[in-house]
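We call the chains A, B, C, D and E, going by the order they appear; numbering starts again at 1 in every chain.
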Amino acid sequence: MLDVREINTYYGLSHILFDVSLSVHKGEIVCLLGRNGAGKSTTMKSIMGLTPPKQGEITLKGDRVTGCPPYQMCRRGVGFVPDDRRVFADLSVGENLEISARPCQGSDGWDKERVYGFFPALSALDRRRAGVLSGGEQQMLTIGRALITNPDLLLLDEPTEGLAPIIVEMLEEKILELKASGLSVLLAEQNQNVALRLSDRAYIIDNGHIRYQGSIEELRQDEAVRQKYLLV
Amino acid sequence: MELFPSLSFSVLCIQILVGLSKATILFIVASGLTLILGVLRIPNLAHGSLYMIGAFTTYSIATAFSQSNLGFWVALLLAPLVVALIGLIMEQGLFRFLYKRDHLMMLLFTFSFTLVFADLVKLVWGSDYRSLAVPKIFQGSYLLLGMPFPRYNLFLLLLGPLFAAGLWYLTNRTLLGKISRAAAVDREMVGAVGVNVNLVYAAVFVLGCYLAGIGGALVAPTQNISQGMDHSIIIEIFLIVIIGGLGNVWGALLGAVIFGLTDAIGILVAPQFGIVFPYLAVITVLTFRPKGLLKSIW
Amino acid sequence: MLQIKSLRKSFDGFQAVKDANLSVNQGEVVAVIGPNGAGKTTLFNLVSGQLRPDAGSVLFKGEDIRGLSPYQLCRKGMSRSFQIVKIFSRMSVFENVQTAVISRMGKTSNFFTPAGGIAVKETERILEAMGLSGKRDRICGLLSHGDQKVLEMAISLGSDPQLLILDEPTAGMSSEETATTIDLMKRLSGEMGLTILFCEHDVELVFSFSDRIMVMQQGSTIIQGTPDQVRNDPQVKKAYLGGHD
Amino acid sequence: MKTSLRFFCFAALVCCSLLTVSSAFAAKTIKVGIVDTYSGPASTYTNDVRDAFALAAGKINAAGGIFGQQLEFITRDSKFKVDLGLSAAKELVMREEVDILMGTINSSLALAISNFAKQEKIPFLVTFAKSAKITGEKGHRYVFSMNENTAMIGKAAAAGLAKKPYTRYWIAGDDYEYGHAVADAVWENLKQLKPEVKLLGKSWWKVGEPDFTPYITAMLAEKPDAVIIATGGRDCVPFLKAAQATGFNTQVPFYMHTGTEVSTLKPLGLSAPEGVIGTANYHSYYPDTVENRAFVAEFEKAYGRTPAVGALYGYIAAQFISEAYAKAGEVDTEKFIDALEGLSVDSPVGQVTMRAEDHQVMLPMFMGVTTKAAGKSVLVARDIVTISATEAMPSLDAIRKARQN
Amino acid sequence: MIFGIFGKKSLPLVVLFLVGLIFMPYVAPRFYIYLVSAMLVTGLLATSLNLVLGYGGMYQFHHAVFYGVGAYTTALMLTKTSLPTWVAFVSAPLVAAFFGLVIGLICARLSSLHFGMLQISLGSLLWVIVYRWYDFTGGDDGIHGISMPAVISGTTPAYYFILAITALCLLLMFIVIKSPFGRILQALRDNPERCAAIGVNVIRHRILALVVAALFAGVAGSLFVTLEGSVFPDLLFWTLSLEILIMCLLGGWFTFFGPMLGACLIISLRTFAGNYTEYLTLILGLMMMLTIFFLPKGVLGFVNDLFRTRFPGQSLEESSHAPDKISTKII
C-alpha cells in the first residue's frame, strides 16, 4: 500500500527526518511510536505532501508519489487526521464534511450519512460550528472528515491525545472497526498502550531516525527498547 | 447660511435612499476586495483599477451595441467577464508565485498593477471623458415624497439586497463558498482533504475581480468614465473593508452602508464638510473596535 | 514566588484552562506536564501576561499580576521562552542577547550611544554560559532549531530574571542538545539560584531533575507534588503515563 | 487613440523638419516649453491646447518662422501633480533652456511655475488655469494669462444672469479654489448689478464626486428660482448627467460655466440636459465668422475632431508669441514682454488684446442655453449673448488692490 | 548589514561620495544641481520612512503626511509670521513630530494592515483639512513664492544647505539606528512578542519610532520648501506615500542607503524617461513588478547578498517565516 524509502525532511535549515523508511500493507494498522518532537508528525506530513521531503521516495499503491501536493495525495486515497485536529472552525460540522466529500470508486463509499452512522454523536451536531466542539467531538469530526474522502490509507496523527479515557476507548473501537472494513492505517502515537492494543506492527522513531521496527508482539516483549525510546 | 434651513422628513428619506444606492456600488466592489483579502490574503490595491477597467469596457461594449436598446445590458453581462479574465491572468500569471511573500510586498505589488493599469487604460481608451447614457427603461426619475428620485438609483437600490443574497448563497450554500471559507483559515488542511486549493484561489480571485467589474459596469451610466476613477474608489473600499472586518462579506455590507449613509447625511448636516464624515466614521470605529465591526478573518 | 489559584480561561467557547493551581517556591525547579492540548502553554501565557485570565488569581512575589503586560512582568523579574521560538531572526546571536540586556538596563530610549558597545561583557558571559560563544556572529534566523531554542533561553537570561519560565525547552532537539540543555538548566538553578518553571513532554527529563511536578489534563490541575508522589498517583498513571496494565 | 497617434506622427514630422531645417541653416530656434497634464481626466482639455499650438506653430514655421527662427516646443506631463510639474518646468528652463514656458490646467501648479518664472525671468503663458490670482494678486511682469479667469467668469455670468428674471438663488459647487472663486465672483457681481437677488444657501461637494443626486434633491427641497453651479473640469459631466436623471434641468434653471462648451457636452452626446445656461469663451460654431470657420476647418483636418475651448487658448498663445517677437524686433525676453503688453491679435473669435496692466488676455464670453440641434450628435448653445471682454474684465482698481496685499 | 555594501569598509566610500557632492556645483550644470537637491530631499524622506518601515517593521502607509506637515509649517511660518527664518526651520520637524505623536497614539496599538489603513484614514482627514482651509493653508492652490533668506536661495546655495542638512540628518538617523533605541526597533520588527517578553514596552516604542521618523520627515518637508519655494496639498496625498514606499523597496529596505538609492533611481527615471514617453507610470509599474519578483530585498539588498556569502543559497525569509505561518494557524 504505502512504501516510504529513506526520506529526509527539513524545516528551513533544521533537518528533521533522517532517512526514514517505513511501509504499510493493505489492511493493517501500523503504528509509529515516539516521544513528542521525535518526528512523528513530520513523517505524517511528509507522506501527505504538506512538508515535502528533500530526498527519498514515497510510493503509494505502486505509484511514485514523491512531491505530490496534498490534494493529489488525498485523491489517490490517503486520508489525513492531523494531530492538532484543524477542523474548519468557522464552518458547521455538516459543512466540514461536505467540503471534504470525494466520490469513491466502490459501492459502499463514505458519505455524510455513513459518517453520522459511524459517529452518532456527530449527527446531532450537524449545524453546530466546528470551532465550539469539545476535543472529542472535534477528533471524531477530523476522522469523519478524513473518512468521507474515501481513503484506502488513513494517516492518524495522535488521535487519542488529550482526550478523556472513555472517548479514547470509543475511538479505539472505531479504529478497529475501520481496520475490519479493509482500511490500512498508519497511526502515530506517543501513548504506547493505545498503540500496543491497536496495531499489527510498529516503528519507533526518535530524533528523526527510525530506531526500531517489528511486530507488536516483539515490541511488547522488548522492555529495553520501550524503556529507551518511549517512557519512564 | 451653510446649513439647509428646512431639513424636512422627505429630504432626509430621499438622502438615505440615495446613500443606500451609493452603498450598493460600494458594497459590490468592496465585497470583491474582501473576498480576495479573506481567502487569498492579498490586499489588492489594483481592485480600483479593475473597477475602472470594468467601467471603460462597459462603455466600449455598450457603444459597440448602441444600435440596439440592449447595449448597456450586453455590456453589463460581458464587461465583468472581461475583467474576470484579466483577473485570471493576473492570478495565474503572477500572484500565484507570491503567496508566501508578506503583506507589504503584496500590497506594493498590487500597487504597481495600479500604475500599469492606469497607463494601459490611457493607451487603450485615450484620455477623453467617456459617458454612457442610462439605459432607456431607467431614464428619468420617480417622485418619492415629492422629491425626484432617479430610476436608475432605484434599480441600484434593488440590486443591493440581490447581491447580498447572492453572496450569502454563494458563501454559505455552495461548495466553492464553503471551501473558500475553510481555505481562508487553513489553506493546508483544505488541500489535505483533497481540494485543489490553487483552483479555489484562482476562482475566488476571479470572482472578486468579477465583482469589481460589475461595480464598474453599474456606475458607468451614472458618472464620468475617466482615468482617476481607480484612485477615488480604492481608498473608500479599503476603509469599508477595514471597518467591516477584513475578509468578512457582511462587514463589507455594513461598512458600505455606513459609508454611504454618513456621506449622504453628512451633506445634509454640514455640506461643506460632508467629505469628512466617512473618515470620521472610520476613525471612530477603529478607535473602539480596532479589528472592525464584524469578525475579521485576519 | 508564584501562586496560581483556580485560574480559568476560555477562547470562543472553548475552555482551555479550567481550574489550574500551581505554586512555585523560591529556588525550586517546577515542571508542568500533561498531554498535548492540556492547556500548559495557555497557562504559561496567562502567567506571563500574554493572555488575561477570565477568573482566578496569579500572585507573583505576593503581588497580584493579573492584567499586567508582559513587559511589566519582565521588569518585575519574570522571563520566559516560547514553545515556537521567538527570536530576532535578522540579528546576530550576540545582538539577540545583547538586546535583552539593554532592555533590562533600561536603556531602550537611549538614542545616541552606539548599542554595539553596551553590556558586551555581560552578554558574552551569558553566551559563554549557554555555549553559544562560537556562534556569536551568526545571523540567528539561519541557525538550527536546537541552537535557536538555546538562544531563546539565553535571551531570557539576558533579562536577569528571578523566575524563568520555559515552554518545552528541549522540544525538537537532538539527544545531545537535550542533554546539554538539561545540564544548563541544572546549572542555572544550582549555581545561579534561579527559580525555574517549565513544561516538557520528555517525562524522563522531568522526573530526573524537577523538585516538584504539576500534572495537567484538559485544563485542570490533577496533582502537584514531588516526583515520587506524582509517579505513584493512580490518576496520573491513567491519564498521562499510560502505566503498565 | 487614433488622434493621439496622428498627433505623434505630426509632431514627429514637425520635429524632423525642424531638425533638418535647423541643421541646414544652423539657425537658433525659439523654444517653448509646455508643462501640462497629459494623463488623467484633465487631458481632455489640455490636448486641445497643445494641438492648436502645434497647428499655429506649424503655420508660423511654414511662413518662415520668426525672423527665420523656427518656433519649437517641448511638452512635459505633470500628471496634475504640482511637484512633478514644477520640477519639469525647472528642467525645461535649466536643461532645455527654453525661451518661454507655457501651460498647465492646474491652478496650483500655474502659481508655482509663475513664481519660478518670476525668479528666472522667463515669460510664462498660462493656458487654462483659471485662478484669478495668477494675473491678480500674484501677477507679475513675467506671467501672462491666455484664458478667462474666475473673476471674468463671475463678471460675465453676472452680466448675463442679471438680465434674467430670477431673484432667489442657490449656489453649489466643487469644494476647491475654483468652485469657491467662481461662486463668490458671480454672486458679488450679481448683487451689484441686481440688488434684489437673494441667496438661499450654498452646498459644496468634493472634487470627483461620483453621484450628485443627493445634492440635487437637497437643492430641489429649497425651491430656488435658479441655481448657480460652480463646478469645473470633469465634474461637469456627471453633474449634467445627474441633472438629466433627476429632471433637475426641467424644474429649476441652472447656470454653469462651460455648461454649453463642447468638451463638457461631447461625452454626454444627446443625453445631455437641455436648458442649461452656460458660458464659454469659444464655440466651433460661434461666432460664425470666416476666421473661425477657417480655424475649425484646419483643426479638423489636422486632428479629426472639433476644436474645443482649449484650442482657442493654444492658438492665440502661438499668435501672441510670434507677433510679440515680430513687434519686439529681436529675440529678447524683456523686449518680448514689452511688446506683448497691449498687443492685439486676430483670433478665431475676433481681435483679442493682451491687457498691458495685468497681463490678462481680453476674451469675450458667450452665454447661451443648451439645446439639441438638427444633425448634430452634441448639444449646442442657442440664444447666444456675447458679453464683451471689457464688460467681463476685472477692474484695474481691483487688480491693484489685490496686488498690494 | 547597516552600511550597505561592504560593512564598515564602505565608510571611505561614503566620504568619497560626500566630497564628490560637495564639489559637484563647480562642474555640473545648474539643472543637475537642482536634480541632486531634489534627490537628497526625497531620499531623506524615504530614509526617514525606512526608519519605521525597514527597521521598525511597521506598515507606515501614510508617511507623506509628516512631510507635508513639515513643509506647511515652514511655509506658514515664513509667510504668515515675521519670526526669524531659523524658527520656521526648527519648528517644522517639531510640529511634524507632534503630529507623529498624535497619529502614533491613535494607531500604534493596531496590528500591521489595520495600522496602515487607520493611518491612511487619519492622513486623508488631514489632507482634506489642508485642502480646503483656504484662509490658513491656501486650500488646493497651496502657497507659492515663499521667499528664503539670500544665503539659501538660488540653486547652488539651496543645494549646499540641503546637502548639509541631509548629511546631518542621515548621520543622526544612522546613530539612532546604531543606538540601543535602534536596536530595540529592529527587535520589534523581528519579533514584537519576544520584545515584550524582555521588558520592552512595545506600544511606547512604536510611538517613539513614529515620532522620530516624523521628525526627520518634517526636516525633509522644510527642505522641500527651501528647494521649491512652494507648498501644496499633494504633499500630503496618499499616492505620494506609496511612491516613497516604492523607493524604499526598490533601493532595499533592509539597508540604510537603500531608500536614498531608490529615491535617486525613481527621480532620474521620472526626469529622463519623462522626456521620451508619456507612459512613465507604466514603466515604473513594470519595474516595480520585476523588482518584487526578482529582487525582493531591493537593489542594495541584492548587492549585499552578493557580498555576504556566509550562507549561499539560503534565504532568511524562508526559515524565519515558517514559525509565523504556524502561529497564524493556531490562532
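Note that a contact is a pair of C-beta atoms (placed from the backbone, for glycine too) under 8 Å apart; a residue touches a chain by one contact, two chains touch by 3 or more.
Source: prediction; values computed, not measured.
Novice: Touching both subunit D and subunit E, which chains are there?
Specialist: Joint contacts, listed by label: B.
Novice: Would you kindly count the fewest steps from subunit B to subunit C, each step being a jump to a chain that touches the current one?
Specialist: 2
Novice: Between B-E and B-D, which chain pair shares more contacting C-beta pairs?
Specialist: The comparison resolves to B-D.
Novice: Which chain's C-alpha centroid is most distant from that of subunit A?
Specialist: Here the answer is chain D, farthest from subunit A.
Novice: Can you work out the whole-Å distance between the CA centroids of subunit A and subunit E?
Specialist: 52
Novice: Can you work out the whole-Å distance between the CA centroids of subunit C and subunit E?
Specialist: That pair's centroid distance is 40 Å.
Novice: In angstrom, rounded to a whole number, how far apart do the mean CA points of subunit A and subunit C lie?
Specialist: One centre to the other, that is 31 Å.
Novice: If you average the CA atoms of subunit C and of subunit D, how far apart do the two points sit, in angstrom?
Specialist: Chain centres of subunit C and subunit D, defined by C-alpha means, are spaced 74 Å apart.
Novice: So which bits of subunit E are touching at least two other chains?
Specialist: Residues 132, 278, 280-281, 314, 319-320, 329 of subunit E touch two or more partner chains.
Novice: Among the residues of subunit C, which ones contact at least 2 other chains?
Specialist: 142
Novice: Which residues of subunit B are in contact with two or more other chains?
Specialist: As it turns out, subunit B has residues touching two or more other chains at 118-119, 122-123, 186, 188, 272, 275.
Novice: In their complex, what parts of subunit C are in touch with subunit E?
Specialist: 48-50, 69-71, 74-75, 79-80, 82, 84-91, 95, 98-100, 102-104, 107-116, 118, 138-139, 141-142, 155-156, 158-159
Novice: Could you please specify the touching residues of subunit D with respect to subunit B in the complex?
Specialist: Interface residues on subunit D, with respect to subunit B: 1, 3-4, 38-41, 43-44, 47, 175, 199-206, 208, 210-211, 213-218, 220-222, 234-235, 237-238, 241-242, 245-248, 251, 266-269, 271.
Novice: Help me check something: in the complex, which residues belonging to subunit A touch subunit C?
Specialist: By the definition above, subunit A touches subunit C via 11, 13-16, 35-37, 83-84, 131-132, 135, 158, 161-162, 164-165, 190-194, 206-207, 231-232.
Novice: Any idea which subunit B residues touch subunit E in the complex?
Specialist: Going through subunit B, the ones touching subunit E are 43, 94, 97-98, 100-105, 108-109, 111-120, 122-123, 186, 188, 231, 235, 238-239, 242, 246, 272, 275-276, 279-280, 282-283, 286-287, 290-292, 298.
Novice: Spell out the residues on subunit B that touch subunit D in their complex, using ranges where they run on.
Specialist: Result: residues 1-6, 8, 10-11, 14-15, 18-19, 21-22, 118-119, 122-131, 133-134, 139-141, 147-153, 219, 222-224, 226-228, 232, 264, 267-268, 271-272, 274-275 of subunit B touch subunit D.
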